[in-house]
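Look for subunit A in each of the two complexes below; its partner is subunit B in the first and subunit C in the second.
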Partner chain A sequence: MDSILLGFTTLMDPGVLGFMLIGIVAGLIVGSIPGLNDNIAFAIFIPLSFSLSPTYALALMVGLYCATAVGGAIPAIMVKVPGTASAILTAVDGHAMARNGRAGQALGIAISSSVFGGFLSGLVLLFFAPPMAAFALRFGYVENFSLGILGMASVIGLLGGSVVKGLISAVFGLLVATIGFSQQSGYPRFTYGLDNLYEGVPFVPLLVGLFGITAVLELTEELVHDRRKGIKTADMPRITDSLLPSWSMMKRLMPTWLQCSAIGNIIGIIPGAGMLMAIYMGYERSSRRYKRLYEGKPGEVEWGKGAPEGIAAPESANNAVVASSMVPLLSLGIPGNSVSALFIGALMIQGMVPGPLLFMDHPDIAWMIIVGFLAANIVMGPIAFLLVRSISGLVFLLPKHVLVPTIALLCLTGAYSDENSVFSIVIALISGTVGYAFRKLDIPHAPLILALVLGRTIEDNLSNTLSISGGDWMIFIDPVGHPISVALMVGAVLFMVGPMISGARKRLQARRQQTEMELQNS
Partner chain B sequence: MHVVKRIDFWSGLGFLILGAWAFMTARGFDATSSTYPMFLAAILFGLAALLIVQSVRDPDAKTVHPESTRILLLGPGMRIVAWGGWAVALAAGGGYLLPSIVVFALIAAWVAPVRKDWRHLLVAVGLVLVVFFMFYVVFDVPLPIVDALQDLLD
Partner chain C sequence: MCKTVFGKGIVAALLGVALVSSPVFAADYPSKDVRIIVPFKPGGGVDTTSRILAEYGNKHMKNAKLVVENRAGGGGIVGQTFAAKAKPNGYTVLAMTSSVVTNPVLKETEYKISDFRPVALYNMDPEVIVVGAASPFKTIADLVKDAKVSPLSVTVAGIATSHHMAGLALEDSAGLKFTYVPTKGFGGQLQAVMGGHVQVALFPLGEIKKHADAGSVRILAVAADKRMAILPDVPTWQESGLNIKRWTTFRGWAVPKGTPDAAVAYLSDLLGKVSVDEGYIKQMTDYGYPIAYEDAKGFAEVVSDYADLTDKVIKKHGLKGK
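Entry: the complex of A and B
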């Protein structure tokens, strides 16, 4: 209880609250601009946060993280262009409802669902992160290495695409993380005499490049594509009805909110599972419920044609991922998704290391972040209701051909400010190009980011463990000496093997069907 | 479909070369520091070889499309070159403002619906000054500036 009070006391500082509000408003605006997302918002704001005190900087990030997902729903509903990837399914029923003259209702449902999901997620963070962190304090080198492997395995296994590409991404990231002085002998590796690389590849420009510059390059590609094809943006519907959902609507949506928030929270805690998995699962469950209870009844539309549950499900699920993705980060030092990986950058720039030690070394900050997620979701509701009409007009205010170089300039100037060196700009440009190339080659980003974050720790823990065990690798699966490590390793194997088996099954099934069809045809 | 048109074939080849290069480089490190990167490089090499094999065996593999390649070169490719030139100008003592305005205006004009429009330059000057003010004055970041402007600001 004292710790929660400590968090509230830190949060109640007017400056901290002010920066959280700035983060919320900025997040709503950034999220509402199609093509911009929470990653870009973080890439721009992390370097800026360097000059702020840790509490101000992290309050800003908490506000930003909570609000971008909500902002993403605005263009999804108004113009059927999701502001963020997490609003992709909101666009289906949300835009249909807006076209039916109920844009206000659709936006109101999206905001209230987000607030509900986000608040529950904040509670999950409050109740799960501290005990997990206390448990993680028992971990030694062996367990920490196994934990790193489990984190990587879960990210690769849950991606759903090619496991080989996921592994390539992870190994490439681990290899990049070896650049700089070796922690064991001090030998400079892959530095080629460049002083700036002795401490490793600078992390903030690396993140700015991977998230900000990659996004800028993708937006540029989209712009050139639209210009060549002569594609123009659609007209926007007007908000004529009330934004606030009625009491009966809230009662009706409560089961959807609870179900999808629970899905979002569970998915959020698993590293690598991500928002998209949560919204698809929530949407699919809600569609079944809607078809069973409402579809075909008087006054009810078809699923996908403006059903309230079609907005409530993805919005409560995506915001439920937000704070719960911070559970593994704050308790174990493993980011739950790409944005929480960027949170590491925000913490590192302030000289802090996420993980169980954060609760011991900086309890005020750790608890402020936890309590901040709860507070941000409470405050975000009224702000979003107040600003949504003005923000929805912003969608087309800034033309993309101006927006894209502005983001690039902000990101690159931000990268420069990390070490006041042009070398940081070069790193941001190179990592942005690599990130973009990965997108074009269908190589997932998530394992790369996790490997860059965990690379040094994994190597340290591995070498320390092997020196303790005299080079015996079996120490990681010693059930007597290190049962936690065994459990973590078993988990890692399951995460990796599971998708492989299910992929092989699907291929076998497809082949069988093809053979049957060929037999029928002949 | 010819193998060389498959995207995974080329990405596999790229990682294969990278893995081999990293392995050879890591061999030159001292004994304590070389094992781990050599191990990773060998894994990368093996995975890349596996990706090549998969791309050769997969009949539905994604292929290189000429129009996409053109868009890629005209859009992101040109931007990387432009921002790279901007970084060189910064390093060469060209200051922050002028290179930023030039690159910003060029990029905005390149993708704008109307290319030859003096407003691009005006927007570039305005936004670059805002960013400069934000970083140099508000956040106290010592951005590179030319001596004449430094004297003026002092």
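Entry: the complex of A and C
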């Protein structure tokens, strides 16, 4: 308790608090600009933090890390262009809801879900960090492979229409993920002599292209189409309704919030699992729940057409990953994901190394970071509401033919700044075009993105496991040595079989009804 | 007519510039900022040490400053190639690491090691053998005994890196047996060795010292030529009967081939001045980077020693990718 108080007093320094506020506002803005994300913001900021006092620098980073995921939801809802990768799924239901004239409600749900997920994650970091870190440490190569399989299996539940198209998308993603040097041999594969591909296709420009450039191309198509037909282009949705979600809405979203925050927290704690996996898993779970409870009821829309749960699920899951990804970093010194790895950079520049020693050498800073995550999430809500009301409202009033090129330019700038290289711009353009082609062919993006994220993880962990086990595959289902792996594998099988069974049941029901009808008729 | 005269004028002017600029090196060097190319993203060991150097180096510079520029990609190759192809005028410096020596041998790089001129070395990071806190190996002797009988799983930060080659060198010189488990970067290694998913890890000292201080891992032996002041109880590899005198990665400065002697001498002296600055020594030590200094000549020797050592391992184990 004393230590928490110490963190709190450090945080209450007006300078520290001020920098955290700057971080939150900057994070919301950076997040809401398509093409810029927390990775890029951190990379730009870390060199600057060299001359800042450690408490100021870290408070700013905490604010930035918490707020970018929220910012990402704003353009996702208003223009269907996710500001960050974390808002990829928010764009689906969020934008649909905004087009139905409920932009304010959509934004309100996104912000409140984020705050809920983030706050819960902050609590986990504050109170359960040591046991959770011990749990995280149990994830070795075997467990991480099984987790990757579970993540890929969750895709099955997201395939609405054609299974074949979903498979095409997933396989394409897995193939792209093989580009770059093989971890097992150290040799480059499919790089065609391009040094920039040596570490794999650069991920940030790839994602920026896939969600940013693709969306720009779609918007352009709409503009061109309207101009040709001489139709006046429909305006972007505006915020006309109330931002604050009602009590009954909050009560209704509570189960989704809890479920997705739990998923986000667990995934966040496991080093290397990543935010996107949490979002997809939460989204998949919530889609099932929604279809069971609400779809088809009066006043309820189809899933994907503006369901409140479709916004609440990804937004609570992504913010739940934020603070929990700091659990292994702060208690063990092991980075949980790429952004928390950047915290190591920021700490190192200040002469500190995360891990148990940080709590002994610099308890004020260690505890300030932890308390900071809670505080940032509390402050973030009102600031986000204010920002959406004032600035964002104005930005999206820009006519489409101004907004679309601006977004394109920002995306390319973001891609460039990842490695300061023109090569990244090329990657963003290519992946944007591919993403657009997928849309036109009605091939879903979700399997592609998950495969891109998980392909490497699965491959590397598989080869490492097999080289340790001496080629024994049974190690993945060894209940004594690797119980977590067994549980994950069972989960993966259920994820895969579940939709098949329910599909078969539906078909069976339909057939039965048909035969009954025929019997009645005859 | 007028055009051709004008054209000739341009040619003459260009020639003039070329004549003036190439042999005669400006006496007022450095008259503009010197950029240090860090071929990695901000926040890593190379980036951090480069920024510390720039901070203290700038105290000794009057008309210009040292500026760190990150050019990441390709595991360092993109930035290294960029520096190799930069104008050799003394205003582009590469933050050089041991991978500059091995990359051209292992991968298809556009530069050769001879495209660089070593300027000075500022940090040597000896390789250490590490086990988790709960490991049954209490001393290096315990580990050697087991590793001679059956292969131990050892995590290294990537295949064909200096760390992987250190393991191969141990197999050759001490008869140990290892199964290599590569990870991307040091974080994954830490997770594996702390969680007991592998038996051993090979780390550069700077990356693991703080975790050993915290008691999460144990350092069993260090590949330095004598016991280190910061690790008085840890035996060297030579003392432990591993028959390797020294295995260290290094960090220093290099400039593109053809950079004038005067610039190399200036930069080498600058690093020399910084290396005795008390503030610099304290900051580097606090961060866990062992301080070293070698001038251009000494650094060139370190580089060629390292090339010999790694060449042997690369040839013997067929690591060459081409």
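One rule holds in what follows: the second predicted complex is superposed on the first by the 284 of 522 C-alpha atoms of A that agree within 3 Å, B and C clash if a C-alpha of one lies under 4 Å from a C-alpha of the other, contacts with A are read in each partner's own complex, and residues count from 1 in each chain.
As a convention for this text, a contact is a pair of C-beta atoms (placed from the backbone, for glycine too) under 8 Å apart; a residue touches a chain by one contact, two chains touch by 3 or more.
Bear in mind that the values here come from a model prediction, so they are computed numbers and not experimental data.
Contact with subunit C, but none with subunit B, is seen for A:Gly140 once the two complexes are overlaid on the shared chain. Once the two complexes are laid over each other on the shared chain, residue contacts for A:Leu387 go to neither subunit B nor subunit C. When the shared chain is aligned, no partner comes close enough to touch A:Ile263: not subunit B, not subunit C.
Of the two partner chains placed around the shared chain by superposition, neither subunit B nor subunit C is touched by A:Ala73. Touch criterion met: A:Asn420 reaches subunit B and subunit C at once. When the two structures are aligned on the shared chain, A:Ser185 is found in touch with subunit B and with subunit C. In the superposed model, A:Thr433 lies in contact with subunit B only, and not with subunit C.
Look at A:Ala313: by the touch rule set out above, it reaches neither subunit B nor subunit C. In the overlay built on the shared chain, the residue A:Ile468 is in contact with subunit C alone; subunit B does not reach it. In the superposition on the C-alpha atoms of chain A, the part of subunit A touched by subunit B in one complex and by subunit C in the other spans residues 50, 184-185, 187, 420.
Interface residues of subunit B, counted against subunit A in their complex, comprise 7-8, 11, 15, 18, 22, 25-26, 29-30, 32-33, 36-37, 40-41, 43-44, 47-48, 50-51, 54, 62, 71-72, 74-76, 79-80, 83-84, 86-87, 90-91, 96, 100, 103-104, 107-113, 123-124, 127-128, 131, 134-135, 139-144. For subunit A in complex with subunit B, the touching residues are 48, 50-51, 162, 164-165, 167-168, 171-172, 174-175, 178, 182, 184-185, 187, 189-190, 216-218, 220-221, 223-225, 227-228, 399-402, 404-406, 408-410, 412-414, 416-417, 420, 422, 425-426, 429, 432-433, 436, 440-443, 459, 462-463.
Considering their complex, residues 41-45, 47-48, 51, 55, 68, 70-75, 77-78, 81, 106-110, 153, 158-161, 164, 179-184, 187-188, 190-192, 194-198, 210-211, 213-216, 283, 286-288, 319, 321 of subunit C touch subunit A.
Contacts from subunit A toward subunit C in the complex involve residues 43, 46-47, 50, 137-142, 181, 183-188, 193, 195-199, 202, 271-272, 328, 332-335, 341-342, 344-346, 348-349, 351, 353, 355-357, 360, 419-421, 423, 460, 464, 467-468.
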